[in-house]
Each structure stands twice: as structure tokens, then as C-alpha cells.
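Each chain carries a letter (A, B, C and D) given by its place in the written order, and its residues are counted from 1.
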Amino acid sequence: MKVGIINITGYAGSELARIIAQHPEVELVSATGRSAAGQNISEVFPHLSSLDLTLTEELDDDVEMVFSALPHKASAEALLPFIEQGKKVIDISADFRLKDPQVYEKWYQTVHPKPELLENAVYGLPELYKEEITQSHIIANPGCYPTSAILGLAPAIKNNLIKKNVIIDSKSGVSGAGRGLNLTTHYSEINENVHAYAVNGHRHLPEISQELCSINDDEFDVTFIPHLIPMTRGILSTCYAEFNDDISEAEMDTVVDSYKEFYSDKYFVDVTDSAPQTKHTLGNNKCLVYPVIHKETRKLIVVSCIDNLVKGAAGAAVQNMNLMSGFPETMALEGLAVYP
Amino acid sequence: MKVGIINITGYAGSELARIIAQHPEVELVSATGRSAAGQNISEVFPHLSSLDLTLTEELDDDVEMVFSALPHKASAEALLPFIEQGKKVIDISADFRLKDPQVYEKWYQTVHPKPELLENAVYGLPELYKEEITQSHIIANPGCYPTSAILGLAPAIKNNLIKKNVIIDSKSGVSGAGRGLNLTTHYSEINENVHAYAVNGHRHLPEISQELCSINDDEFDVTFIPHLIPMTRGILSTCYAEFNDDISEAEMDTVVDSYKEFYSDKYFVDVTDSAPQTKHTLGNNKCLVYPVIHKETRKLIVVSCIDNLVKGAAGAAVQNMNLMSGFPETMALEGLAVYP
Amino acid sequence: MKVGIINITGYAGSELARIIAQHPEVELVSATGRSAAGQNISEVFPHLSSLDLTLTEELDDDVEMVFSALPHKASAEALLPFIEQGKKVIDISADFRLKDPQVYEKWYQTVHPKPELLENAVYGLPELYKEEITQSHIIANPGCYPTSAILGLAPAIKNNLIKKNVIIDSKSGVSGAGRGLNLTTHYSEINENVHAYAVNGHRHLPEISQELCSINDDEFDVTFIPHLIPMTRGILSTCYAEFNDDISEAEMDTVVDSYKEFYSDKYFVDVTDSAPQTKHTLGNNKCLVYPVIHKETRKLIVVSCIDNLVKGAAGAAVQNMNLMSGFPETMALEGLAVYP
Amino acid sequence: MKVGIINITGYAGSELARIIAQHPEVELVSATGRSAAGQNISEVFPHLSSLDLTLTEELDDDVEMVFSALPHKASAEALLPFIEQGKKVIDISADFRLKDPQVYEKWYQTVHPKPELLENAVYGLPELYKEEITQSHIIANPGCYPTSAILGLAPAIKNNLIKKNVIIDSKSGVSGAGRGLNLTTHYSEINENVHAYAVNGHRHLPEISQELCSINDDEFDVTFIPHLIPMTRGILSTCYAEFNDDISEAEMDTVVDSYKEFYSDKYFVDVTDSAPQTKHTLGNNKCLVYPVIHKETRKLIVVSCIDNLVKGAAGAAVQNMNLMSGFPETMALEGLAVYP
């Protein structure tokens, strides 16, 4: 299958190219990159020089599936022609994630380019929506923070274990902030440093809320504080919830098993028996989920981690592509983590 | 004033030596270091070579005040003779922090060497106990995590703003784990990595609980999850609390001012107007506190950060020494942060 | 083909397991790990948990090829029985690298366990000894520093461009120092730090000398100073040589082409047109070589970099295995670098 | 004494402010910062908020000495009025370092704004030019790389030990590249990475050459290759030279002593007995110099390290100010390194 990537010149785009390069059934035949059109990809990304691809202004017509790694708004706009041609698209931006165009407008401070398409889009988290993804033509690839948080809390919500009030404290590597230059991500500023940001509302908050609420068609109060820490890849979310009043201590003892049961047929989620480390996911598509029970304070704490560029972006996109195309779900995604 | 340091060979001990070296009224005349006795300090710490001090088995008799940077239990045992001689001591270990010897026994898995001294010891957080410190002969220097958490939450508790159920999510640099060798702190294991640890109960939990409870003589449910992140120095704690039901939104608007008021005469605590960064405290004795109000979910979130080896250990010890000795509280601690 | 790894519990061993896991023709069926015998590999290396292998005291009899990642001396001793059984072995330690047992004895301060085998061993650098590797039963897998230095200088030496006096200044990530605990590799000591070490003679010096000399059967004065820098993976060597007096400036202009010619049929060496970065080799088996000509001072400077655990250890071992076993040389080694 | 800083908003400028803040005889009364004029310094640098200084377009008239941390060309232009007023100036840029305006023009690709002043300027390396600095009104504060290289090689050159052909391989932390945004210094690009740069000629090369040549009025072939490594502060230079043919092995044995003799009255240079580490200079004004003798290859290797922002910039500037103003040379510069 021939695929194209719109805006390959960021970290999500280049990571997608890396993963697709090892996919036996898929060929990357075309890629755009805003200011780099006309250049060979090796000039932008020496590590991709073996792809020998020239970046163009527009994707070739012969691509059968399209990934967009553009920023929001521009992404939907660039994908529209392909959608109209009936091609399957996977949008790594936020444009098709929020079901409600007014929520989109509030958080992204712009009018959605094509709100009528939102109902056709599927939130591309295969661990929750595998069936729908298989049928869909438009995939909204999940955000990196939401992926870690939703996979960490979904089993507890599904099983009605926790109250409707959760706190998500996330720690992200710097690559999540992208390849664009910014004082915040200037080496000397963020090395040997940690800080919270977007404390009054990060754009991934409505996405997390929407998805947590939709699990059981509930309302949820979500508090989400992201932090930037001095590493390149990886997100670790520590989720705090309170057990429902009707959950006994004996039932708390079964929570870990219920998590394992929930993810028993999900290849890319491992429920771990000790505190997981982002390093154990570096470069691969796993999400590690670790539920901890504090009986005395009746708290459920779930630590969850991923590689933000793989399971949090490009790997999930390939997983979605596999499902949409009838390939095995794990194809090109079996590589183990690069440790240490 | 002549002072001595018991066990200078760890990070808290060497940092204490660095700070005392710039103190105009105090001279470090004697220091012990377990396996390094007989060596010049320059062999262990080249950056301290100008001190030209030979490490010994026992402190010289002429020291007038004693700091101990030994591990718990050993620390109290080593300080006892000096206490009996009537000398003032500052214990950087946990031995004199917990008022209840049974709590100590439970968390440190050992019997306290001298429980009858606990009532004489003062918890050395000058922002809360300045008067008592000035009068005391035994100072329990606070833990690094507790310092960040207590200073973050004290004004809210004092002013009866929050419910008795707080969550503290802390991120620590690796130096907090000490100089002892351990796979967890081996460079290749923790670089480019983040993980939670001690998720079922860190030893700083009872210390935090004790101090939060004592502010208003209340009970508090404290959930505390520490994380190790890839940097050398710094702790950032993100504290989550819920406003009391009787707090109106108008009252929430005054919280930042009440924090500024609370710390108005505390030189080492700055209430900031934007998210603080550990880098802005590197090498100095400041604690930066940043309260955030989420009206919709009625949450108070406080981000608080320090240099774990300064305000979280050696700097606080010098601050305590200054108070106990009648020196200006800030003496030798005025240095600005080393940035970037 | 069934293979075994002796001492999988270090970084070279675990990296070997990671690479073999993606090899379509090879199965890792057995592995030893000194203190971890009896444990499942997932207990030691969570990122390898899908291998579901129990570590043992001894390798299974049915392994067809054996890798050893033991330290020197112990490695040769452990491999001897397999060599005697006629099995092919790849030694990642230094035991079969030095042709002269007295040189070995001088640098490793121990008598070689089986010096008569040295003449049967082949130095496993396929870019120089592909033919011999194909025929050999005992492969001495090259050291990480030597791989970068030899590949950087081989074309210049082969083409008689430089004087017999070279300086190699190498910068290594910390994983090269292994998984054993040491104050030097304690996170807080080496983070935000750089230093030279082994300045009076690193064990890789005789190995580099031997191989540079053997290219043209010459003598070479080699000065080699390694440095430890704060990153986990990667080695970059900057090699300084003086052009022979008979080399004209016009000839200097052809050096880059001669390098490209020299490596034209070597898949894993790329001669680059700009300064290479270790990050562009992270997790893959490439060596990037960049020759720079300073006409005014008649210097040839070659910058060369690799991932020390891949091309500098486990990847080279798999490349050697492929050659010894008739598999395509690049099998399981085609993965692109994990960037950023 | 009242001083001003032109362009305080970079790393050299802010470090200067940090050091001056602890100077008992000097007050920073005025500072400019290009785009930040009108802002309080706390908005740009929270760690300097206690200075309570408002940035302005122009320096106040009452400053008695002026530091410029502007880029080259702009720096000389901004200093000219103060020089004409007879005020003493210290230029942290390169504008007054090169004695020959044509060399300046070649390397900086611009005409020097005031070449006739070059003969009045003194190269501000107090370890070589203390007397001249004391008398001068215009100080050219040395570059960071040159400081490490010159201090490493000066004793060997002065004592006629080495041939006129030296190689300097330098490793720099990222703060040396400044606070301006650039893909090279974007966190995700340089973290976990190392590379050489400016391999065909860095602007510090003519400065190093000029100064090495001027020690004995000699010619020197200098090869200088700088590398960027993933840490914020610190430069380590490894210098390679060949002993003169008339130096016997017995004379080589005295080299370390001759280095110690050379620097015996230089407070800020320590000749060390083991390989120095940049971490041992973090935040302070020391240069650590470590000469190594390789008799077999007749090489002198000198490893030298500094904090690039202190001894390599702001600390040296304060040292120069002290000398020019009759303050003790070490005033405000006695602080020990911040370790770990």
C-alpha cells in the first residue's frame, strides 16, 4: 500500500517515516514538509537518508492512505481533499478528536474547518474503539497525554470503581513540545529543570474529559496538570481517583486482576507488577499500566507510561492504519524498547 | 563559631561544607566520614579542596555546634554524646522529626535510640517554627519532600481553605537518593527516564502528615507519590486539594493574596505569579510557591519547588544554625540561583 | 538457528537479546546471568518480558551458536567448552582481540586462558575482514572505541595518506562503562559533567594500534584519550592525523571521494557530508564517518560515530553471526535510528 | 562603585548580574536588554528578581564602569561613547580581542567599528596579563574556549617544551551557544547527542593562535575542533602537543612541577593530580589544569576545564573589574563549585 505523510518535518512525521520504513506491506511514496519542499529528506533528517525521498509541496496522487502531522486547523484543511476523494486519512493533529465543534472552538480558538465531518471520525485508540476504527475512513489519532491517561483509567471507570473526580499529573519529555523553536524547549532552559505548564487548562483536558465520560456515558471532573521534564521521549501519568463508597476492601484487592482482564487481549498494553518506567517503552508502541491501591485513604492510583512519539503519536497511527487496512494490528510495531 | 559535620562524605554533608565555607561567622573545624577517615577532604571532594580539612573518626572536642548527615538511627546515636555535653545539634536525618516513637518504629523499622529526647527536638522549618528553633538545642532538619509540600500547603491549611484530603505528587532530582550506589541511580538507568517509587508509602509520608496535621491540630488524609526524574538537583511538588464547601468563588480569588500575606516576612519563600521552575532555585535556599485556583472543579493546586540539597537539606540546616546562634537568618544564604 | 547468550544481564547482553528478537532466522533459546539464574528475564529487564526466558546457570546443549558478554578472562573460559564442541562462538569481551598473548597479559593483567586459540580467532570488524569472518569459528567482537577509530582511519591508512602518528580523542556515553555500579557512573556524578579517563593508557589502545598497524603492516604511534560525557548511548571519535609529505593539496581534495569509494559496498558505514551526530545512530548499526581536510596545517581530521551498544557491541555481533551463518549481512539490523 | 551591563538578557549578562549581586563594593545600577526594555528583570530572569532592576534602552549616566554582553560589532559600537567619556569598559564580545583588524574582518565578516582602539585594549586573561589589565581602560574579555586552551598550554609554551603544532579538542556545554533560539540547541536535538561543529574554522581559532603565539613571540599551527555535548555549563579542552626534540625523559618528569610553579600565585588556576571534571568548576571561577606525559610517544597532553559562563565569561569579567578597580582580585569570586 502506498501512503503519504503531510508535514513530515516534525517529530511525529519523522517518527512515522521511521516506523513505516520497517513495514513490509506499506511504502511511503510521498511526503510534504512546509519550508523544506524540494529538499531530499536526508537534508532534514540524516537518519532517514535511506528513504531517498524528495519532499514536495503536495502529496502525489497515487497515495492510497494519508497521514497528516500538521498543526490543528491546517491539518483538517489539508486532509479535506483526500477525504473527498474517498481516501482513508489519519489525522495526528487534534482536528477530529473533539466531537463537539464548540468545545473545539473554545479550546483551539478557531472555527473548525469542517464540523460536519466530526461525526464520521473515530477516536483512534484501538484499545477502546478497535471495531469502529476498522470501519472508519477518518481517524483522529489521540493526543499523547490523553493516551496515557485514558488507558490508565479506562478499566476502573468501565468497572464503576471510582468517583467522578480524577486528578491526572503528567510528566512529559520535551519532544512532545515539537520541533518548533521556543525558549521553553531551548536546551539550557529545560535541562536540569522541571516545571508545570498550562496549569489553567491544557488543550488535552477536554479530550481526556470527553473520552473518560464516554466510557460509561458519565460526567467526570478532570484535573490535569502537565509537567515538562528533562528527557527527550516519554510520558508518565500518575492518575489519582477515589474508590466509590460501595467498593469494599475485598473488592479493592481484585482491581489489579480486573485491569489485567481488561487488557488481556490488548497486545500493546501491559499491566505491570511494579512501578513502570518510560525507559521501558523507548521507541516502541507499548503502554505500561500500573494500578496501586491505597486502602486506608480509599485511593486508586494508576501510573501509566508510553513513548509519546510512538504510542502517543506515530505508533498509534500505524496501529490504526493496520486495523483500517486489514494488516495484523502489530505489524511493524513489534520492536522491543531501546534500553538503556 | 566552630562547627563540626558528622559524615561529610554524602551530598548533604558536602553541600553543608560548601555553604559554611562562605559563612563569615562560622568555621568548619572538624568532619568525620566513615570510610574516608584519615583522608584530606580534597581526595573525596576536589571542589572542597580549599577547605584543607582532614577527615577524622571522631569530631574534635572544640566544636561548638554539630551537624549530622548520617543515615537515621546512626545519626541519633552519634549525636547523643554531644547532646549530653549540652552542645546544640542539627540532625539532617529523620531521627528527631517524628514526635511519636511508634510511628518512627513503624516507618524506619527500628527502635528509636533515645525516644525521650523527641519532645525536646524542634522540627526545623523556620517558616513555621522560628521562635521554637531559636530556643532549641536539638533541631530535626526537615526532609526534602516535606519541605516542598508543607510550605506549599501551610497557608491554605492555616486559613481553613481546604478539605482534609490532599494529594502530593512530587518530582525529585536524583541527588535526593544520595551518594550510595544503587542500580536505580546508575546513570544509564535513570537518564532519559522517569518513574514513581515507594508508591505504597515513602518515609516522608508520616512526616508530611504530622506537620500538616499540626498546623491546625487537624487530621489529614495525605496521598504522597514521589517520582525520580533525570536531573541532579531540585524537587517540585504539585499539591492537589479541594476547597472547603464554605469557600465562595470570591474567596478563592483572594487565595494568592493570602499566600503572599502568609509569607510576607519569610525571606526564603517567594509566592510566584507564574509556574515556578526548579532551575530558579539551583544552589540557593529559596522555596518558590505557586497557588493555582480551579473554580470549576473547586480545586486548589499548589506547585512548590526547592533545591533539595539546599532548602531541602544543607541550606535549611544553616538557616537553623543562624537562628539558634543569633546570626542573621539569611547569613551565607543570600547567593542567587545558578542559572541556567 | 538456536543461539545462546552467556551473561545476558549486562547492557551488551540485553541489547543482543533485543536485536535477536527481531531476527527472522534466529531464536534465542538460552541465556545465563550470573546472579540472576532462576529468574525470568522480565524480572531483570522488563523491556524483554515478551521473550519469556528463564535465566540458567549454564547454556542449553541445543544452542548452535554462542555469544559471550562476560568480562575478559571469564569470557574465554566460558566459551572454551563450546569451541571444543565445534560450535561457533562470538566473544564480545576482549579475550580474542589481541593477537599477542603478552600484550594481552600486559594490558589485562592476567594470563590468557588459552593463547593457542588466538591464531584461530578473527577480529570481527566485517568492513575489514568480511571474508575471514565468514570462514571463522571464533570471532573477537571489536571494542566500541576501536570500532569508531578504525573505521574512521582505515581508508586514509590503506591509501597511504597519513603519517604514522595519530591522535584519537573519543567521547563516550555512559552505557559503555557497563551496568556494574561505580561512583563514576552514579547519576549525580556524571550528569552535567565531562572528564577524560584512563589518560595513561586505556585497554582499547593496544587493540586500536594492532588494527591500524595491520592495515598496511606498518607501525603507528597512537595517542588515545577517552572521555565520558553525560548521555547514555553513543561514541564519537575525533581522529587527528597529518598528511604524508608527498600528498599534494590536489590529492587532499580527493580524500572524501576515496573514503566514499572505500566504503561504497559497506552497508553499515556512511561517509557523510556534514558533521555527524551520535543521535543519528541511536539504536542502529551504522557508523557515520566524516573526513575533514585542513590544507593549511596539512591535517586530516576524521569524525566518526556509532551507537556503542549496537555497532560497538551487539549489532556488530549480529552482523558477524549473519556472515558466519550465511544470512544476509543486514538481517535484523535494518532498523533506522531512533531520533530524536 | 556603580556599574552597568549592556545587554543583560543573555546568559553572560545574567551571570554577570548574579556575581555582581554578591560583590560588596559594586552595585549594578543600570542594565539594557534589547527587546526587554521597560520590563523588570524579574520578568526575564525570575532568579534575579531580588535585584529589582528595570531594564532600559540606554545605560544611566552615573555608571562608573560598563560591561557589554552584546554580540560582536554591536558591542564595540555600544561601548564607544563610554570609552570616549573616559569610562572603563569590559567587552565580553570578541571586538577587542584580535589585535589585527584584518584578522577580525576575515573571521567576523565585518569591518571593525573602531580599529584604532585595538592597541589600547588588553586581552583580559589575568593569569597572563595582570599588570596590563590593572592599567587598562578597555578590556577584551577572553572567549570561553580560548581561556581553557591558553591556560592549558601557556606553561608548556613559556618553558619551550613543545613543538609549534598543537591540537585542541574541546567539549562544550550548550549554554556556550547562548540564549538565542536555534535548532542545534533545541533540547530534543542536542540531548543524548554529541557532535563536532565549525570543523573548518571556529572564530575562537585566531584568538587562540594569537595568544599562544604571543607567549614567546612564536608561530604556532593550531588545530581546534569544538564539540557540543549534552550539558548546560562547562568546557573541557584536551590539548595535544609533541615535546621538543631536546626535551629529555628526565625533563618530562618535571613538567607537572613546572606547571604548578607557573600557576603558584594564580588563585583561579589549580594544577590537579587527577583528571579534572567540569562539575568541579560549576558556578565558580576556577580553571583546572591537568598535564599528562606520554613518554613513549613524546606527547604532552593537557586537560583543562572551566565553567564557560564564569571563568569563560562573567567571572573573568568580574576578576578583570577587580583588578582595574583596585579591589582584591578574588572579591565576589570565592564561592565554591556547586556539586553535584
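Operating definition for what follows: a residue touches a chain if its C-beta (ideal position, glycine included) is under 8 Å from a C-beta of that chain, and two chains touch if they have at least 3 such contacts.
In this text, all values refer to a predicted model and were calculated from it rather than measured experimentally.
By the document's definition of touch, common neighbours of subunit B and subunit C comprise A, D. Relative to the C-alpha centre of subunit A, the farthest chain centre belongs to D. Centroid to centroid, with C-alpha atoms defining each point, subunit C and subunit D lie 38 Å apart. Subunit D has its Cα centroid 46 Å from the Cα centroid of subunit A. Residue positions of subunit B touching 2 or more other chains: 11, 173, 175, 188, 191-192, 230-233, 276-277, 279, 282, 340. Those residues of subunit A that touch subunit D in the shared complex are 11, 173-175, 179, 181-183, 185-192, 230-232.
Looking at the complex, you find that subunit A touches subunit C at residues 11, 14, 18, 21-22, 45-50, 175, 191-192, 232-233, 270, 272, 274, 276-277, 279-284, 288, 334-340.
Across the interface of their complex, subunit C is touched by residues 165, 167, 169, 171, 173, 188-189, 191-197, 199-200, 221-223, 225, 227, 229-234, 236, 238, 240, 275-279, 282, 290, 292, 294, 296-297, 299, 301, 303, 305, 340 of subunit D.
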